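Just passing along the structure, written as structure tokens.
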């Protein structure tokens, strides 16, 4: 629990955006993340959602879990659809065909719809400078189709397409640094967030929505099904990811890095790994390799924060 | 349901809703500072049949500007008020600047402390509108360092920071350091000791129950 | 073990997403195929998530190839992995008269019959208890295979061991023990 | 009436979008569509057109942005060609299924490989099952008129379907020719403002693009199928209105000198006018040859085709696309299938020609008719062939 | 009376299969998914509201006495509220047969 917590929880906005009755897995960290994001975004938004878990669990005909205007079309184009939404709002207000209510365009996608198949559309939207907020709900694999690896899957994690085996350590590559790619577009706001730190996350979502131009927020969304962890540990795992330095929380405002929560001294990586079945096969050597990398990356991040 | 008109557009609103809520639910923007859905010291006007509201007439805009100029004089350094001023086209204030350390006496902090937290550590007793005077008194013994007042304060007059084993809360002209308790397992500072005492007392749990942080709890 | 049905036997499994109903259906089909029989195992293809009620199916025939590719609407056997499903899903929907109902429950015949009538041949086992004892987890999918075989000898119990070994590796033996124990403890009412 | 000016057809299409007061354009440049999007950019840059122009990073994103824009309620236009249309492929299905009335000009182009940027109709045939209304033009005037008219059709509350306007690459898009432009006030009278019935709006939140389990998917598809079939009558009504307003009348199957014809030639798109010249020549020589020009490709005009074919004995269909290993050219096989239940039906011969920008001359059309009639006389089993290919 | 998904005809669908009633999953009982159920000892509750904020279902509401309690119509029994409760109010029990 960092800073706020007891009682402040009661002061958070009441609205959820996502109604109960959605079909997310028991203990879904992404459903929680979406709820928290929606609290911060309020009602005056239009959401474009990529294909993925959140789309499937929230919108099975004939009903919907969304209390806000929401559109899903395809897997790889959430940012492009949001570009269209934003442009339409702009021109219709300009032409007096719609009252100027300050409605904002938001795009949501999982790690696949963001850092793999959706990367091109996202890059295009960021580069064109649309006034939109893109939120990536990263659960570190293609969970919707049954836990296949993505470029956001962490090193060593066992998934159905990067299974651990006699000749396989699980995922062979290091997690793609998506926030850095967003930063490279020179957009006004980039941040990482976690629903396990809901107040920090709400603050960032509000900021991302308020800036004029594209904003990108990368949210770690714990997936008990894909991570093979106990459903009741979803919030805890989100915190441990931050405290171990695996997923540091920071923001980049106009290129300036700022650490949101400094968890140092970092917790040992095993505190995080041991709770997840996807890392059960890890050898000591590999765990050490991950530990070293995390410390190294964390130091690099801190450097960026002090430099800017 | 009652019929109301906002800016010439007709709407239906549920009885006993506030005008602000009705406007907001139709995405009509009215600038506010201390309106809050749970704690409501302000913006209390209710809808009634036939009510006509203007949010952007010339008179409204000019009166809003004066109000903002007054706020700006009282809390010239508050980011929220600077933002509000910018948004409303207020560049400076004709009123004399006063130092109240960003406090505009909206009472949200006292309401929250009393109604939500239930400890009433911040009180209106000795409330003063004079410059350089304590606007609200904080009873440090009652305060549990939860930070709700800092969270809700719209003008950043109250701040909360954690550093090392200390949580510091700063209110206008008042400041208190709270020691943070260390988790017996991981050694991380996780919660103010004062809050543990409060929780133990309220929940009838033994103090040892709070020896470990949430993440080290079984 | 009273029935060794010749001809087509259709089985429907009720579980929750993540409880392994589909795995059980597959293991059973595997065992039947290994015995030289014809068999199919398949899930209800849906996007249901962990925790949601799900169904899986088996078709087993000792004589002829199976050609039908459609969900089983009128099963001969219904197996319920999770007792909490009993008041959530109509598990007997479409179950043939005198069909077989295999339930993981702590309840006795009278209590179950009060809710589900006595149209069916009933087999009861406290599989959750067995699973806790042997596997240390409330995962009852393999355990319930033992219960099934007690009431329908559709495959030999030994035929399950190979597929279980292949599927579960180092925890296979525990699962086999759970199957055996359930086979012993299941009570059947004709 | 309007003003007659000499203008490149691509530019005329862009001008039609301007006169339609389009709100949002999202496009990606591709030969031979580039002149359309360049001219639109100029119109926006000069302030002649008040629109948001999304310079997408691909056709896939261009069409995706069109979905978002149309769903909010903005009149939306795009243009593409060949490979670009194929990259949009999966997005096209979404536009029609979600009933978003996007209008798209397609400069028809051959498909890779080998790479070829020239005109043919492989691209338009490949997207025939995407649920869009598809209208094929044969000259610049038609390209202008149908672009304008497409908005009225697409946005009709009974239709609400996206529309593709097809113009053959280069032979149409890059030709300067005389085109009559209507006056803006006439256009405004003809084209009411776009009003989507259930737009994305925080005041009344809707969920668009929810997913359908097996128990509802077929129902959703049936609704879509009924809708596009029913749109044909409405398309004809709007064309009739257009005729009344502007004096140019359009039909799903255009007939040229078909009275009493025993032999009919059928073309799609820019070949129409060349074929007309060939028909004139053959008629003058006393041959009873007529011409059918297929304008409305989707929804397919079954009744109109049967009627237009009349008592003809030979029907020669010229396709500019292949269906590899299939039943001949796409238009040929569809026409055959449409006439199958007709009691007295002509023998139908198919030719595939003009691929990848190769032209077909007047003389070659004459040759095609001759060859077709011969094939029928010979009772040939082979009912289609690729025309003019070196052996 | 609303039609179930199996009774809806193609004519019942909105244009483009748009869903016009926001938040209509509220009618869908996900409580059926539960194999564990939260139980409460409210004498330990300090009414801090953390459980409500951390619930992935958004199904925890303040009851008449001001305590926070999951609505079992939707609660899937994940147990996050029990894990996150600072004062040990909530514990998870096996769902009854």
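Letters A, B, C, D and E mark the chains as written, and numbering starts fresh at 1 in each.
Here is the rule we use: a residue touches a chain if its C-beta (ideal position, glycine included) is under 8 Å from a C-beta of that chain, and two chains touch if they have at least 3 such contacts.
Predicted, not measured: the structure shown is a model, and the values here were computed from it.
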Exercise for the section: Quick one: how many steps at least from chain A to chain E, stepping chain to touching chain? Expected result: 1
Problem - Chain at maximum distance from chain D, centres defined as averaged CA atoms - result: B
Fill in the blank from the handout: By C-alpha centres, the chain nearest the middle of everything shown is A
Exercise for the section: Name the chain pair with more contacting C-beta pairs, choosing from A-B and A-C. Expected result: A-B
Handout entry: CA centroid of chain A to CA centroid of chain C, Å
Key = 40
Fill in the blank from the handout: dist(centroid_CA(chain D), centroid_CA(chain E)) in Å evaluates to 51
Problem - Whole-Å gap between the CA centroids of chain B and chain D - result: 61
Problem - Centroid distance [mean C-alpha coordinates] between chain E and chain C, Å - result: 30
Exercise for the section: Give me the residues of chain C that touch two or more other chains. Expected result: 17, 47, 49, 51-52
Practice task
Please list all residues of chain B that touch 2 or more other chains.
Solution key: 27, 191, 199, 214
Problem - Where chain D touches two or more other chains at once, by residue number - result: 98, 202, 205-208, 210-213, 216, 220
Exercise for the section: Can you check the complex and tell me which residues of chain A touch chain E? Expected result: 5-7, 9-10, 12, 16, 18-24, 26-29, 31-32, 35-36, 58-59, 61-68, 195, 198, 224, 230-236
Handout entry: Residues of chain E defined as touching chain B within the complex
Key = 43-47, 83-84, 86-89
Handout entry: Residues of chain D defined as touching chain A within the complex
Key = 23-24, 26, 50-52, 54-58, 60-62, 64-74, 76, 90-91, 94, 98, 193, 200-202, 205-213, 216, 220
Handout entry: In the complex with chain A, residue positions of chain E that touch it
Key = 5, 8, 13, 17, 19, 21-30, 33-34, 46-50, 52-59, 71, 73-74, 76-80, 82-84, 86, 92
Completion exercise
Listed in rising order, the residues of chain B that touch chain E in the complex are 118, 191, 198-199, 202-205, 209-210, 214, 217
